[in-house]
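By letter and in written order, the chains are A, B and C; residue numbering begins at 1 in each of them.
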Amino acid sequence: MFSDCTRESGGRFPAAFLYCCTMRLSHITTQFSRFLGVAVALAGTVLLSGCFWLDGPQSTFDPNGPVARRQMDLFYTTCWVSLFIFVVVGAVLAYAMIKFRARGEADEHAEPPEQAHGNPLVEISLIGASVLALVIIAIPTLSGIWYSYDVPVADKADAYEITATGYQWWFKFDYTSETAQTLDASGKTINAPFTTANELVIPAGRPIRIALRTVDVIHSFWIPKLAGKVDMMPNRANHLWLKADKPGYYWGQCAEFCGESHAVMRFRVIALAPMEFNDWVNNQMAPARKVAAVAAADTAKAKAQFADYRTFKRNEAGYSSAFDASPLDGWRAQQVAPASGENPELIQKGRALFAQKTCSSCHTIRGDGYIGVVGPELTHVGARSTIAAGLLENTRDQLHRWIHAPNEVKPGNTMWVAGYLANGIKLTPEDEDALVNYLQSLK
Amino acid sequence: MEALAKSDFIAKGETAAKPLVLWRPTAKTGLMSWLTTVDHKKIGFLYGISALFFFIFGGFEALLIRVQLAVPNNTFLTSAQYSEMFTMHGTTMIFLVVMPMGAAFFNFIMPLQIGARDVAFPRLNAFSFWTFAVGAVILNLGWFMKDGAPDAGWFGYAPLTTRHFSPTHAIDMWVMGLQLLGVASIAAALNFIVTIINMRAPGMTMMRLPVFTWMTLFTSFLIVLSFPAITIALVEIMMDRLFGTNFFEVSNGGLPILWQHLFWIFGHPEVYILILPAMGIISEILPTFSRKPLFGYPIVVFSGASIGFLGFGVWSHHMFTTGMGTTATAAFALMTMAIAVPTGVKIFNWIGTLWKGHLTMRTPMIFAIGFLWMFMIGGLSGVMHSAAPSDAEQHGSYFIVAHFHYVLIGGSLFALFSGIHYWFPLMFGRRVSEFWGKTSFWFIFIGFNVTFFPMHFLGMEGMPRRTFTYDGDMGWNLGNLTATIGAFILAIGVAIYFVTMIYTFFKGEKTTKDPWDARTLEWSLPNPPPEYNFRVIPTVHARDGWWYEKRHKAEIEKEQAEHAKEDEAHGGIHMPYQSIYPFLASVGIFIGALGVAVIDPANTAQYPGFWGPKVAVTILGGAIMFVSVLLWALEGNDGYHIHLNEDGTIKSEDHHAGH
Amino acid sequence: MSSTAAAGAIDHHHDSTTVTGIPNKKLLMWAFLASDCMFFGCLISTHLIYRLHPPPGTPNARDVFSIELTSFSTFILLMSSLMMALAVNSIQKGNLKSLRWSLLTTILFGLIFLGCQVYEFRNFVFEKHLTITNSILGTTFFTLTGTHGLHVLIGVIWLTIMLLYSFTGRLTEKDAIDVESMGLYWHFVDIVWIVIFTAVYLLEYI
């Protein structure tokens, strides 16, 4: 991660620190006050250590699309102008502090200096200079406002449209230009845009125009590496656009306080090459996967399976370091069904439990007849790399952790409050086991 | 001078009708003296003490926040507790610390600076304080109730604050508490406006006003004009919660964006309400310790005015991510850049003040220079936010948290701390130890920077604010841990500061009059100032009135002796009577507010119509308030006269005038 | 309400000794009214914003309002301002008798206005089925006009107390400023009503 500091995208910033530090070091050498000395040492340490964090998964220093890049470039402009002003004004201030400082008691009680009241010429030229500095910022700001607002006209025809909807505390994504067979409320088969949740899969290299909606409170849709945030406001049709330069796996998060679990309302964006994206779309349009019964399922083993689940501490991380190392590969691995080890009997039991335990009143699983719309749609949940709104890696253990005690991972969530608590849902270890097997099979 | 001559005590004796005889509290010590005081210095002291109390409270909340965030996936606080912490930390620090601390200085210092013996409406002043206290209590009541404290963030965006998403009384208390604080602030601000415009000493023209007084005036205007917006927003959300109206009810067409507009039309001027007093304090301290006048006084004053004015036109830069559209965004971006100019001008002028000065590095000066550095950083990161597209990445992230803490701690709080050090000798006649003052400064300064500088990076690294937990693989661990360590250094600094202050209050070294060789009129008074402030109302001959007096001693002494004689001939110094009614009115408001915000609506089966404990308590509170205000009006604004000895001690009190 | 002068020698009992010559109470009232302008400004804006964004099913304001009644009560309120001005004039001349009649008429006109508003509210709620909860129009309309009604009510109470006080013999022309600042308040409430009448009622008939 450290070496990434020098990467093209993040590389300019550390240079700024060094420049700044040198400027400040020169102050020390000229015997400037300890005031400044401490400030320099301090700021230097903090700035340099800052260099080590510039490449996190949500770092805006590493833009991966034109919108984020434009925003970052503007940030650098403002940053340079500000640093310049800070250094110049700071140097004058520091000089004044040292030069005009009273030395010793006697000096303090000496005759006061000339009682000068100011100099209009200096004032006016300084005002002029500040206006000039602001103009430097204003021009790219204005062009940036128009650029980041909507897809450029030339690319409009190519834009791929998606609707993102905020819920407390997860995101729903409607692929409005695709359709899949599903059931309506009366049980009739209809064609409708297919829906997924918490993992936004987009074609790389194509502008994406995302309509932003919310069903409850205000959320804010933010994928730092692709584009700045835009709020999801009730009774307001907002949108944003972005483009991913290349295939990749990106982190996103709700950026407007939206209640108890705001901090864990996260999501992922997976940008794929066009062909791979098409494959994904085709898979999404298909109904839920069924696992064919194999002869003589090992029932004894099936019963014991839940004992494998490890228990989690409340503060344990939701990810393995293996996943972190190459998340896109992790995501791809989720797309394929395992060659063996699936237990059709348990899966069948899980499918039945899904209705018995009222899961189906909130979740849709196309093909299995479940049409709930309150919670995330789960038709292909097994193929996602994360669950619980980007909070946990989609492994059997973590899935078990989630359905076992949702409130521990996501305080106040609807599944717990309006599902488990309100309906008095109790899951036995065997139930949990069956449900995990069922959901994992939905590739 | 003419004004002095016009004192009309003589006419008073001839008044035919006698005022109503109501109880006049006269206690000079003990609890009753504080409850009934109308002395602006005592009220200022009350404001200051409350602010410092809540500062400790809010600081403690901040430490809990930092402990929770020290390591990833921490479970020190639950999510719900964390929400309460950051909501109350923000609300407390803004409304219960920085604003009342400003009000403390307005009360204590401003009348002294303009050569007045009190504010224009002393009882209204007391009412402002008590209503503030009542609002503060309501706001914090939730900590002691099962409903918990308010938890929707300090700007409480609807519809999260509607009954559907926040069903408990926590939000009711937040709404009610802020409304009361609004009433208190507006009442106080009206008072200051009238005082500054109408009660200046002879010769104290507007362009001779000390800059702190100017900033008091601007702040007061901002309060008077901006608080109505939040009050109406709060009334609307209160109506939604109490009566089921549709202001922010999304399913019936309510527009939550309206809340944001109303809130920030208040909220942005509020930012200047928090920083202008600080700028005023700095503009007093820098000249004093540079031993030369403020550089470009008229420009500093006018830049203050233009900050106040432009401050009403930039509110939507808090809403760059709400999808306002390009034109509105561009307009507000440019306005925001424009407001940087007068702010920058102030910094230039402060540096100009230091230039060729004779800098005496006493503790207040150290804090003031610390302010300059920190405010510069905060101001510049503010300019960076005016670039709307890049703000889309920074908005709602820790970058913003860093920015406004640089402005509010590095700016407001450093200046207020500096002001406490500066005026402490005047207020209490004791002087704070230089060693401990500077030690606390360095702890605060270093702790502050270690806490908040890394937050710039956390924000740029994509960490959203108001998140109670984060994953260990986001690259935020080091920054957060550093910030937490910094917070504790800062806390140690603040602790040293407070212990030093408390020690000095009781045992500090006694100091002489005008220990800093200052420039403005308040320093012409003995310390602590007597209750009547000025033995003789001063006549102001120059901008830095006291500086002038010190250099024209003989002339001024002669003039004052004349005026003292005239004053005595007119019946001595007029003092307002104390009054209990402002306090009682606030008690009434408190009871009424409890009824509205805290008591559950009646179970309809039990009581006829809408009558129930909620309505009954509300009406009871309203009635107490009404009666108190009525008696307050009827008791009249009488006072008594005091006659002084040569040395300023009270020779006699003359009570017949009031009856 | 009358703590004006209680401060210092230069501002001694009589407001005429203030630096600007403007009595403290008058300045206070002006500053307060500036603040009150913002209060009403925000409420009127709320109403107008929601008028521009009516959700489906919002009743047509024209079907609800009865402009004749409101025009009448507007006229009455305007007349009350005239009477208020006469009251101020009377007290300045020390004519208590005239003051009492003027105050009484002002109070009566204020009460007529309030009566009309109560009738209007009842009519809207029970006949026209516009309530504070059932539509956004009801919400903003009742809140805005209700807030104004509250201002009138406070004014009427204040006037009544002043009227009663005039019988105690303590009200002299020296206290004209008390009546005058009350008058400022009353005129302001009147002017605000004209704005509300235009923005809420007349606008619907353009």
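A few points about this structure:
Going forward, a residue touches a chain if its C-beta (ideal position, glycine included) is under 8 Å from a C-beta of that chain, and two chains touch if they have at least 3 such contacts.
The model shown is predicted, which means the values in this text are computed figures rather than measured ones.
Judged by the touch criterion defined above, the protein chains link up one after another in an open path, with no loop closing it. When chain centres are defined as mean Cα coordinates, A lies farthest from chain C. Chain B and chain C have CA centres that are 31 Å apart.
Centroids of chain A and chain B (each the mean of its C-alpha atoms) stand 38 Å apart.
Mean C-alpha positions place chain A and chain C at a centre distance of 53 Å.
With touch defined as above, residues shared between interfaces to two or more other chains in chain B number as follows: 253-255. Chain C contributes residues 1-14, 16-20, 22, 24, 27-28, 31-32, 34-36, 38-39, 41-43, 46, 49-50, 53-55, 58, 132-133, 135-136, 138-140, 143, 161, 165, 168-170, 172, 174 to its touches with chain B in the complex. Those residues of chain A that touch chain B in the complex are listed here as 1, 35, 38-39, 42-43, 46-47, 49-50, 52-61, 68, 70-72, 74-75, 77-79, 81-82, 85-86, 89-90, 92-93, 96-97, 100-102, 107-108, 110, 112-120, 122-123, 126-127, 130-131, 134, 137-138, 140-142, 144-149, 168, 212, 216-218, 220, 222, 224, 227-231, 233-236, 238-239, 251, 253-264, 314-319, 321, 324, 411-412. The residues of chain B lying in touch with chain A in their complex are 72-75, 78-80, 83, 152-153, 157, 159-160, 165, 250, 253-257, 290-297, 299, 321-323, 325-326, 329-330, 333-334, 337-338, 340-341, 344-345, 347-349, 351-352, 354-361, 366, 369, 372-373, 376-377, 380-381, 383-384, 386-397, 442, 445-446, 449-450, 453-454, 456-458, 460-476, 478-479, 482.
On the chain B side of its complex with chain C, the touching residues are 3-4, 6-9, 11-12, 15-20, 38, 116-124, 186, 190-191, 193-194, 197-202, 204, 224-229, 231-233, 235-236, 239, 243-247, 252-255, 258, 262, 265, 533-534, 537, 567, 570, 573-574, 576-577, 629-630, 632-634, 636-639.
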